[in-house]
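Consider the two complexes below, in which chain A is the common component and chain B and chain C are the respective partners.
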Partner chain A sequence: MKTFKYVITDPVGIHARPAGQLVAAAKKYASNVDIELNGKSASAKKLINLMSLGVKQGNEITVKVEGADEDTAAAELEAWLKANL
Partner chain B sequence: MDYRKAAQGVLDHIGGASNVASAAHCATRLRLVINDNSKVDKAGVESVEGVKGCFEASGQLQVIFGTGVVNKVFDEFIAISGVEAGTKESAKEAAAQKQNWFMRAIKTLGDVFVPIIPAIVASGLLNGLLGGLSTAFPSMAESDYYSMINLMAGAALSMLPILIAISAAKKFGGNPYLAAVIGFVMIHPNLVNAWSVASMDAADIPVWHVFGLTIQQTGYQGHVIPVIIAILFMSWLEKKLHKAVPEMLDLFVTPLVTVLVTGVLTMTIIGPVFKVVEDYILLGAQTLIGLPFGLGGLLIGFVYAFTVVAGFHHMYNMIEAQMVSQNPPANTWMPVATAANVGQGAAAMAVAFKTKNEKIKSMAFPASLSAFLGITEPAIFGVNIRYRKPFIAGCCGGAIGGMLASLFGIKATAYGVTGLFGFLITTGFWVQYAIVMAASFAVAFAVSFITYKDEEPAAAAAPAEETESAPEQAEPAPAAEAAEKAAEEAPAVSADVKVVYAPVKGKAIPSSQVSDPTFAAEALGKGMAIIPSEGRVVAPFDGTVELMYDTGHAVALASDDGVEVLIHVGIDTVNLQGKGYHVHVATGDRVHKGDLLIEFDMDVIREAGYDPVTPVIVTNSDEYQDVRMRIPVTDGEEVLEIC
Partner chain C sequence: MEKYTGKSIFSGVAIGPVLYYGKKEEQVKRYKVEDTAAEIERYDKARQQAIEDLGVLHDDAVKKVGEENAAIFEVHAMLLEDDDFNDSIHNTIETQKVNAEYAAALAGDNFSKMFSEMDDDYFKARAADMKDISERVIKVLSGKKDSGTIDEPVIIVADDLMPSETVQLDKEKVLAFATQYGSANSHTAILARTMNIPALINIPADPSWDGRMAVVDGHTGTFILDPDPDVLEEMKALRDKDNEERKLLQELKGKDNVTLDGKKINLFANIGGLKDVAAVLQNDGGGIGLFRSEFIYLGREDLPDEETQFKIYKSVAETMAGRLVVIRTLDIGADKQVDYLGLDKEDNPALGFRAIRICLTRPKIFRTQLRALFRASAFGNIAIMYPMITSIEEVRRIKEIVASVKSELDADGIKYGDVQQGIMVETPAAALITDELAKEVDFFSIGTNDLTQYTLAMDRQNSKLDSFYQPHHPAILKLIQMTIENGHKGGAWVGICGELGADTSLTETFIQMGVDELSVSPSMILPVREAIRKSHAKR
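And then the complex of A and B:
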């Protein structure tokens, strides 16, 4: 399993539209991608779960990637987050 | 299934162990008394595997698991939570404090009569057995065996006031042995047996002259209310005396005064007065059931399930206890109750057969079976009430069965047993009893089967009609600019088609015409968008609010059959921070199609420079083959077909 942390800089947080983009990004990988915030966890592949985390600007999320392609997935998702959120 | 996981799941959704005041379980349900109901996520509880339903009743949060499962989940629940295992009674008591006096009174009656059911059942079954044997072998009735067993069969019923007195004392906090003494007094052999009074000349009945009153020396066989009132008074008096009398005298004075005062009051006032009250209640129930043409049975059979939901049915134990304590026992209420229960079971079974939804199927089928054995809560609360029509269908079956039961005049010899087991206490009426159940089953099943539909009525029940109406809508619609993906070729509608109704009034456009690239590309899922003409968002189906944004600009819902929809009011409107939006429901709320979710002010949105176009997106559309848009759009019309 690969884990990394990321602090959200986007002013509206992981809101519907960015959440949708993140889901689309996460779905490219075979690995399970989970996002944790304050002890709550949600699959990054499920839009509504992800949105109900209510991630806001300044929150530090923990991203857990587990599966066959976890190395690539973790690296690429981290890059994606930095570019988009 | 994993009982520990289920218990943990429930605990997680009710705010943890600290929020549980007490926990108990009955035959089918976990019964929890919750400190703070706002911490309870009912939808969450219902999503736990094994949970067949979750509702609040009688001041308790009741979680349905079903027979055989609930006790195992309960053990795990106690183990995990560390909550002290309450008895069902203690959970009920904790809950009772939350109820009004009327419901408390009814529940008290139930609590008095339920514990003595085993005694009544034993008597009733012995009666049934004797009846059956002596019908088959007439010589049997002459034998000493018959005579001996007959004695046993009659014992509990002829001494019923004593059993009631003991049970009532336990309920009211009096001493059960003193209560038994009061019970003995009321049916003392020196009093004229109440059952013999009818055949005697009034002048032959001995009387007492006390306190200026003339009291007939008759017993209270076959009476229950005077006993309960007497013991209620006794328990009150006894508790007062315990407090008032110095401890060294308590052992002598309290029992003496308690029995003396209660006994005298019972013989002079409580007994005679409440005997009359009771005679009228019994007469009322018997008259109702005996109304011509079975009308009474029809009526009771229909409303019976409603009274179960309201909790009034605890009262029926008392009526039935009165009826079985007549000589001979004549419980005409039970067959009507059976009709109502079988009706609910049959309605749930029809749902099980008709639904395409595996989850509903797996819940409805066992629920229906347990209803036939007399435990109706899983069928009523877990299935029928949720979908409403099956509940009414069950009531219709109950009405027809109840009418027949009343016409046939079926008499049971005990209470506390219904459904298939009812054969054991309806000796001599087997054919009629079977007809009652069959009729109730047939009517409820048929009505439920015809009226129940998975999610979308027209699609499931009348595919032919649906395929005709679809092009009708498509052709004349001038709004056909929106028709890119619409049903221009009438789609072959299968029963699996799920429908999302328009959450907003306005003009429908395909997602591709939305100015925002995320929505236009359908990155969040397939769907459509509506240019609103009115600032109201309503529920597009029966389901649950999965997520309501504080800002009111977006809401996510899940339908009962699994469609997840995101309604996003306006583009980039998150930036308004709730300005111009008024939220009407909260995350976790259950909603029905057409319920108001959000009100929004289009002028505020436009003035702030945002587009109020409202994408309606099926966020789990990759679980389905296709999402098709239809043309209309007025509020409440079908806009999306999902299959």
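And then the complex of A and C:
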């Protein structure tokens, strides 16, 4: 399993549109992608689940990637987060 | 005449007949189905149709109301692809042996409840999106069309407006919105702002209002039903005055900030975070004269690291595309809740351990911010401003730290731009030694709020002092005049970023004193521009 942390800089947090884009990005990988905040966890492949975490600006999320392509998935998703959120 | 007070989410005045936008909510009927597999297939087909419809609506809305407002349809299409949502509907059909309409309505209710129970306003407002998508599928399932067109300009009144409803409304025919529910983050609010029409929430909308005359006053948040003739006259006059002002201000967009006798003034904006940058550009701000960096530090568990800060500064600098962005370093004291700094409670925080005093005592915090600022300066036109300065020694110590941060960056091979360094003149002590300070810095920015509080020894928040408080006290004006003159003698430009900078009754006075820049809240840029264009620089 690959794990990394990321602090959200987007002013409204993981709001609907980028959440949708993140789901689309995560679905490209075979690995499970989970996002954790304050002890709650959501699948990055499920839009409503992800939005219900209520991730705001300044929140530090933990991203856990587990599966066959976890190395690429973790690296690419981290880059995606940096560029978009 | 009936009067209701709600909350204004966009200002302005509108007068016209009410169109009650009813949910026409026929209860979704629940009935038993035997062939659940066929019912699930019926749902999935309707869902696919709804997603296709949303694609068409999206493309149409992009043309009509722009990408920002049209994005809602894209999001809705994605929500309809959501596994949890669809699984829950499939499951209801299968286990309860019920029709797809009922299962979709149930899922809409449940998921919308989940969002409405969240703390954050933005996520709370997403409850309406969940209802909206479920109703869209139900509409397809029951073969209904979207609601009809509007014939004459109307005030739209509703319990709540679905995001997709607001976008589909004929924009030419909508004078105002008044709803019972909704929030400042709702799509209705965003749309009202884009369309520049008044909008109210917390109004007890009632179907019996349909067709009756009404007034929406977005300045006071008032909704008046069947206005009396004298009230109607009064509101019409207010509306016309309002429209004239708006038109005038729109005309001022793109114009120079130049006095009648040809002197140009820099007119910049004060912002508290990234989210305000859009308003700066919308209102034609020539730059950012005060970016309060505190917001990066507030509402967190620990200090923001260099990377976090760098990204924010870089983003503002890039968005402002070469225009000056003056960023003020951390201005925090015991009056702000930042637990991780471990500041002691103070009896008099306004005169206490705050702002530059913290930064010079805990240089690690300061150096992190400076590194982030200098790194970001490679991506735009950044200037750094230091708050709460009282002495020449403070400025020299800051300069030593800056020099060391720069050589550290040089050693790391990190590029940075040419960064102007300036100070806030917000203590009487600083104002009185501006002749000396001007030799040390590139610019002064006069913070009139604190300067007034410290000069008059009056707390502006204390309402008992209202009768003593003189915002235009001659002592303040003398200190401003002195700061401008001394700044210019020492080769520093001088701006004003406090509230007085936006006081249009003083604009001409400041220009005649020789001020180079005024920095005001984004919404005040155009009114101040108007005042500049009516002023003479020479007495």
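The rule we apply is simple: the second predicted complex is superposed on the first by the 85 of 85 C-alpha atoms of A that agree within 3 Å, B and C clash if a C-alpha of one lies under 4 Å from a C-alpha of the other, contacts with A are read in each partner's own complex, and residues count from 1 in each chain.
One rule holds in what follows: a contact is a pair of C-beta atoms (placed from the backbone, for glycine too) under 8 Å apart; a residue touches a chain by one contact, two chains touch by 3 or more.
Values in this document were obtained by computation on a predicted structure and should not be read as measured data.
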Which of chain B and chain C A:His15 touches, first, second, both or neither: both
Partner chain in contact with A:Val23 - chain B first, chain C second, else both or neither: both
Chain A residues touched - chain C or chain B, whichever exceeds: C
Touched partner set for A:Asn84, first chain B, second chain C, both or neither: neither
First, second, both or neither for A:Thr62, with chain B first and chain C second: neither
Touched partner set for A:Ser41, first chain B, second chain C, both or neither: neither
Partner chain(s) touched by A:Ser52 [first = chain B, second = chain C, both, neither]: both
Common ground on chain A, meaning residues reached by chain C in one complex and by chain B in the other: 12, 15-17, 20, 23-24, 46-48, 51-52
Residues on chain C engaged by chain A in the complex (per definition of touch): 71, 74-75, 78-79, 81-85, 111, 114-115, 118-120, 122-123, 126, 129-130, 273-275, 299-300, 304-305, 308, 311-312, 315
Residue ranges of chain B touching chain A (in the complex, touch as defined): 516, 518-519, 523-525, 546-547, 554, 556, 558, 564, 566, 568, 574-575, 587, 619-620
Chain C partner contacts - residues on chain A that touch it in the complex: 7, 9, 11-13, 15-17, 20, 23-24, 45-49, 51-52, 54, 56, 58
In the complex, chain A residues that touch chain B: 12, 15-17, 19-21, 23-24, 46-48, 51-52
